[in-house]
Amino acid sequence: MLELQTLSRHFGGVRAVDGLDLSVAEGQIFGLIGPNGSGKSTTVNVITGLFAPTSGKILFRGEDLAAVPTHRRLRAGIARTFQNIRLFGQLSVWQNLWVAQNSAEDQERQGFFARWLGGQGGVRAEIAQLLEFSGLAHKQDELAANLAFGEQRRLELARAMAAKPKLLLLDEPAAGMNSEEIAQLRERILSLRERGVTILLVEHVMELVMGVTDRIAVLNFGQKIAEGTPAEIQAHPAVRKAYLGGDAA
Amino acid sequence: MDFYFGLVQIIGVHTLLGLSAYIVLLTGQVSLAQAGFFAVGAYAAGMLTVLAGWHLVPALGASAVCGAGVACAVGFPALRVKGLMLVIATLAFGEGVRLFFFNFDYQIAKGEIKVGPLGGEGFRQIRFFPENGWTTGEVMVFIWSIVAAAMALLWWFDRSRYGSVLRAVGEDELAAQSVGINLTAVKVSAMTVGGAIAGVGGGLYAHYTTHIEHASFNILLATFAIAYPIVGGLRNVFGTVLAVIFVQGFLIEGLRFLGDWRNLLFGALIVLAMNLRPSGFLGARRRA
Amino acid sequence: MLDFLQAASDGVLFGATYALIGIGFTLVFGVMHKINMAYAAASIGGAYAGLLVLKVMAAAPPALVFLGAFAAGGLLGWMVYLTCFHFIPLSSPLATLMSTVGMLLLIDEVIVHFTEGMPQNYPAMFDDVMLRAGEFTLRGDLLLVFGVAVVCMAALMLLLYRTRLGLATRAVSQQPVAARLCGIRLEQVNATTFVVTGLLGGIAGALIGASVGTLSPLLTTPLTVKGLIVTVIGGLGSIPGAIVAGLLVGGFENVFQLYRGVTERDLYVMLLLFVFLVFRPGGIFAAKSGGD
């Protein structure tokens, strides 16, 4: 589904991402972990097109993404959530989901006129589903800025889903959550996989990563230092060194 | 009575100017170019009715198209320029349009006199209304039916997905891109619609004042245009209308008794209004 | 060719005033990320206020008038800060923009009111001095304009780079929150920025009056536009940029006037802006503090 070939992104002298090779298969939940500053978020930003790679390739379903601008990548099937939530605060929950319905499927299904100038009627059912899924149905007319933090996170995820993605990039979705919320998030991610969404999970919170991913890659200083199943990664000495420094038991 | 009709006409035309700035402002672009599109529409409609003998309605259609065309052309380079730089660039554009008309001569002979724009002198004898027997009251109603149509159009946009997308772009361009919104299409389309509305406003303006000149389309007018939606707030189109009524009706007419002091007070009142209520009359919603 | 050189050199010398105005706009932008639309008007207002010196002392030397303009400019700068930036929350950029426009209108009207719309003569210095090199002339008054402007710019650079206040100002322009946490009083830095740019503006206004010979309220609009053009071409937030751009615009303007006349001149200056916006939107030197 997604392939990164010697992907590099430099900012002046800083090699945020350095020669990264990664392959995510369809239907996988792939974890990307690493200490702060290891290049995880930059990788997500490059995949979604916010930054152009300094060198290397990104292949999505076999297609080279080099010339594809950010908003088109969404239409091609890549959606993301943001680490520090970027909701449209002055729009309601409902509207946040509405403006995100830009998938190729939606474009074909509804005519141009209906999609842009039509009222809310045509998409009511779909958006209701998304609201149901995120437990936000009762707050659909509330301004996004007025939601509680946990609710905002759920809306952020729902909004990414509104785009009917094939690949979903989650950027630290569990930050600031307690165990109960993490368990709920885990359930949601698993049910997304059941709907056929491939997931790349960038995360710090090990409770989530180890419990939900099929495969994990570990970054440090922009380079991949390990890759394997959660069990393999937990036992990996290089990973331990990166996180804990030196040989720690 | 005619005096009040005249005032309502002015409010109507300025509302169109304000609405043209409103839709562009929704996308986060502060544009001081609307007076320029207004000027283009004014000269276009005037020239069509006076020099080519067109009826007003198709002439207004042409001003809408001209305004839209110029706005679209401005919209693209405007994308490269962010925030306050855009304010400056559009300000300069507006001034450029004004200077263009300052230097613009196109006269033809009609009978014994020459008619048409004459550079600094302006464009006189735009007499479609008087020549066709329109009363002041009828002109007022005509102007306001167009204003009502424009308001209805923007109200419709606001209620549709387009409206929410405009506001999403205005709020966070990065997030908007990431959910698949084509920023270029959205921003340029808003600018184009604004240009069309301003163009029609300009066409109407030319005909009810019968005499236009470059000096009418100055920075003050450009400021008025953007002031209306800022002072009125961006919640919906009514804020802009209210602001026009406040500025033109209350400030300009109501304070007329102050004579010369009125102009002094005008600037001071804007400063005061912005200090007291920074988000405008009908500012951003607190609750949905 | 000689005409061209003459026009260009006269223009560049005069352009030093545009550079000062551009610096004023760009400095406020660099520190507060806002545009003070009233700046050019306040500068001209300061110049007018300088004339009050002549009311008190009819035979005052021009230097005193300039000094009056200098001081008045600073005062006006502080007033604009108070009315437009002190009370309005920084999270309402549209409101501050609008209120500076309100001040622009107010200052314009005050000028018209007190002078009854009549242009005022402005004292000049060295206007009878001409340095000649064959056919080529350097006007004494323009040389003075250039010289004074250079002195002001140098003083500003000294202030910014050699004093604690300057250090605080640069800190605020780069990281306002961190600067606050280090104990720098934001309001003080902002107010001082306005006073300093006001002082510069007052001098610029006086210099313009001196080289043109008269002051009129009609000057404020074109000066605002040109000042902003200079700021954009130079790069928002860049003082060296404003200096170079100011001289450039001054030079180009005069050359345009030579070849196309006064009425079309400003159109071409506008075109110069658009060329820059299309090909180099960041300006000659991109802003140091990250721009917008």
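Letters A, B and C name the chains as they come in the text, with residue numbers starting at 1 for each one.
We take it that contacts are C-beta pairs under 8 Å (C-beta built on N, C-alpha and C of every residue); 3 or more make two chains touch, one makes a residue touch a chain.
These numbers come from a predicted model, not from an experiment.
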- Message: Which chain has its C-alpha centroid farthest away from the centroid of chain C?
- Response: A
- Task: Report the most central chain, judged by the distance from each chain's C-alpha mean to the global C-alpha mean.
- Result: B
- When the C-alpha atoms of chain B and chain C are each averaged to a single point, how far apart are the two points in Å? 30
- Message: Using Cα averages as centroids, what's the distance between chain A and chain C in whole Å?
- Response: 49
- Message: Can you compute the centre-to-centre distance for chain A and chain B, using the mean CA position of each chain? Integer Å is fine.
- Response: 43
- Query: If you look at chain A, which of its residues touch at least two other chains?
  - Reply: none
- Contacts from chain B onto chain C in the complex sit at residues 30, 77, 80-85, 87-89, 91-93, 95-96, 99-100, 102-103, 119-120, 218-220, 223, 226-227, 230-231, 260, 263-264, 266-271, 274-275, 278-279
- Where on chain A does chain B make contact in their complex? 48, 50, 70-72, 74-75, 79-80, 82, 86-92, 95-96, 98-103, 115-119, 141-143, 146, 159-160, 162-163
- Item | Contact footprint of chain B on chain C as seen in their complex | 29, 33-35, 83-84, 87-89, 92, 94-99, 101-110, 112-113, 221, 224-225, 228-229, 231-232, 236, 263-264, 266-267, 270-271, 273-274, 277-278, 281, 291-292
- Item | Residue ranges of chain B in contact with chain A within the complex | 156-157, 159-162, 164-165, 167-168, 171-172, 174-183, 284-288
